[in-house]
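Multiple structures are listed underneath, in structure tokens.
Two complexes follow with subunit A in common, the first pairing it with subunit B and the second with subunit C.
On to the complex of A and B.
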């Protein structure tokens, strides 16, 4: 698994971005880009060309589902969201999400899913 | 928005269980739902229910994207400080003043707990309800909203469905009240 990959973390919660960064850093990843809303996410995606996007659904300005519709088929997107309804989860997969983690999550679950996605 | 009584109660029971599990996972401690109920009540009654407790409190709300309701998380400031320490996996007593990232942690707690409840409503009542971004408001602002609505008086048609769950992190005696309310007038006032 390539741990030099650049990971874009899109979540309006600064706390959640920190939690995810800490988990990823603990697993050996070191290249992170962060954003707090969907519009910023799209801009950072274009500018930074990450290899993996961790995407929240509920975000201001442009929500995660709209972001996913735009980039879901171009990059690996792992959705990490508090939204747990089956219909929403299915919709993200239709738009290209390679995985879905419902918050709150175990740290191990995040690493396992990322390992699966990047393998 | 109308529900059958049995549907509401099942949703409340399922929701409280999901919320307690989620809170336990977040805090790393055992959590019990000490109160779990759902009522269809006059708006005035529901507003009195959500009035912040005396003393300093922390209030987070998120609006339902369809605009017919809102979710509220209310806890004392002291309990919020303990919760922040638990969320950050640091010794209780570390946080003395809420910084921006601590407020972010509390808002995210509402996000996660409310969405757990929404998942239960979806499974019990086959409803797809989406919450918006959480925001923090002052207890004074919430109290103003409540007082304004109470002063204006509620018509007989002003009914609210209110889900109430009181969660306790047993080891630390942290208490948090989670409300899901369905009523359009409350949402309009919070937006002003």
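On to the complex of A and C.
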């Protein structure tokens, strides 16, 4: 697994971003880009070309599903959302999401899922 | 599991932001209710849902399951409402407001003890009232076909301006973080260190006079210290918006309680002040706003809260377009509560009458209500401005009736410009903000009027206050010995001119008679030593470059005590 990969963390909660970053840093990742809404996420995606996107669904301005529709086939997107409905999960898969973690999550679940996605 | 303790601060500040957003958007939603502005309400409901949603997942991540569940219920209510499956009624709005209050309390408890409150009752109440069927976090039978309403056609965004070349990773992390949250304690520590540095700077400036080689480096150091001081002060500024934000909700609640129709406007929330001032500003503003609701507006009207920056100070105004202050009623109340003798009441000057408003025991309300009637209110305002070296003025009536209270606040607290003066071998500092100018008064221009010396300055009668008399000061034995031996040029109390500093307080002016002007100096305001707490006439103390501690004069309390000496000019 390439720990040098750049990871874009898209979540409107700075708290959530910090928790995720902490988990990722603990697993040996070091290159992070953050954004707080879907619009910013698309801009950062274009500018940074990350190798992995951790994407929240419910975000202001442009929501995660819209972001996914635009970049879901171009990059590995792991959705991390508190929305747990099967239909939503199914929809993200259709738009190219490689995984789905329902919040709240624990460290192991996030690391396991990322390992699975990146290998 | 994730170690969460290090995220607690961020969780709390973000949750506080979200609760504030919930409050603000609920207020807006309530305004839209009768007008049926569907489109606008939809957008509000989207935002409300998002705030609740974010708080739900953060709370769940932190392990605060009860708050997570309650915010989940909120999220479901907003979600159903935006999909037109639930009609938001005034009754529901009230319950939603209550929920936000309860969440606030629970969050305060988390902040204090790390434990959330049991908020399940409120969750059940909401479910019963709205019919939502939330069962557990992440488990509610919502219709998944309903996509978030923000999902409208959006143009792809190409924000290349802010982008950074992707190969430059170090630049990337710098460009990303343009704001950081810093615990207030660190800023306070920085400020304390700054003050120590400033004292050393003063010490060095004194040494410089004896050691000319030091001159260049001391000057440079002084400039640097001043620059650092400025930057530290800047870092401590916070927008007053932080405390304004809760007022629309408060005024709404008070108006509803008293069955009044009150429009509430706020401007200037972006104005920045030192956080120490902003911290303390909340309570006096609560009292002024309550006062405006209770006494100003009768049935319906408008209350405005305005913040404005002037050159050297900040203004905060609370005005209402309702009733004027009924000074006759104030007089009656003052007599009834034995604040002023019935015989004296009619001879009070306008200023003295206004000062009655700030008396802790004054209340013109016949009945004590939850919000006013106990007096106290305006005295809180007064002690706040006194404490921070500001002023409060009142205009009533303003143009078309109504009342305006204006708080004049210093922009910073800790470091002020002052004039050092000597009175009978004792040094005092006088804040620049209270000084008009200093004058030499020829003895011939002083006349005595009924125990009160008055000097004519620029054609105006200025009552004189002899500081050495006020503080009962005498020349030191050493000084008198020098005087006898004529070894030192001494200050002659009977010289042909007197030196006075003219200070202004509202419309009153007074001449403070001193022995000698020393110099202008930036001083650091420290609290009064505990033995002097409660002594009138001083606002604090400061440490000079040579290590001496001197007192800072406070004319507001000094002149108040001797109000009989000060006549309106």
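Heads up, the rule we're going with is that the second predicted complex is superposed on the first by the 119 of 119 C-alpha atoms of A that agree within 3 Å, B and C clash if a C-alpha of one lies under 4 Å from a C-alpha of the other, contacts with A are read in each partner's own complex, and residues count from 1 in each chain.
In this section, contacts are C-beta pairs under 8 Å (C-beta built on N, C-alpha and C of every residue); 3 or more make two chains touch, one makes a residue touch a chain.
If you're wondering where the values come from, they're calculated on a predicted model, not measured in any experiment.
Q: Who does A:98 touch here: subunit B (first), subunit C (second), both, or neither?
A: A:98: touches no partner chain.
Q: If we overlay the two complexes on their shared chain A, which of subunit B and subunit C does A:42 touch? Say first, second, both or neither.
A: Touch status of A:42: second partner only.
Q: First (subunit B), second (subunit C), both or neither: which does A:10 touch?
A: A:10 sits against neither subunit B nor subunit C.
Q: After superposition on the shared chain, which partner residues are touched by A:82: those of subunit B (first), subunit C (second), both, or neither?
A: Both: A:82 reaches subunit B and subunit C.
Q: Between subunit B (first) and subunit C (second), which does A:34 come into contact with in this model arrangement: first, second, both, or neither?
A: It touches subunit C, and subunit B stays clear.
Q: Considering only the touch criterion stated at the top, classify A:68 as touching first (subunit B), second (subunit C), both, or neither.
A: Neither subunit B nor subunit C is touched by A:68.
Q: Touching A:58, do we find subunit B (first), subunit C (second), both, or neither?
A: It touches subunit B and subunit C both.
Q: Quick one: name whichever of subunit B and subunit C touches more residues of subunit A.
A: Counted on subunit A, the partner with more touching residues turns out to be C.
Q: So in the superposed three-chain picture, is A:107 touching just subunit B, just subunit C, both, or none of them (first/second/both/neither)?
A: It touches subunit C, and subunit B stays clear.
Q: Show which residues of subunit A both subunit B and subunit C reach, each in its own complex.
A: 12-16, 18, 58-60, 81-88, 103-106
Q: Contact residues on subunit A for subunit C in the complex?
A: For subunit A paired with subunit C, touching residues are 6, 12-16, 18-19, 22-23, 31-34, 38-40, 42-44, 46-49, 57-63, 65-66, 70, 81-88, 91, 102-107.
Q: Which positions of subunit B touch subunit A when the two form their complex?
A: Residues 22, 25-26, 87, 100-102, 104-105, 107-108, 111-112, 114-116, 118-119, 122, 128, 130-133.
Q: Name, in rising order, each residue of subunit C that touches subunit A in their complex.
A: Interface residues on subunit C, with respect to subunit A: 1-2, 4, 6-7, 10-11, 14, 47, 49-50, 53-54, 56-58, 60-61, 63, 68, 137-139, 142, 144-145, 147-148, 150-151, 154, 156-160, 162-164, 166, 169, 172-173, 176.
Q: Flag every residue of subunit A that touches subunit B in the complex, lowest number first.
A: 12-16, 18, 58-60, 81-88, 103-106
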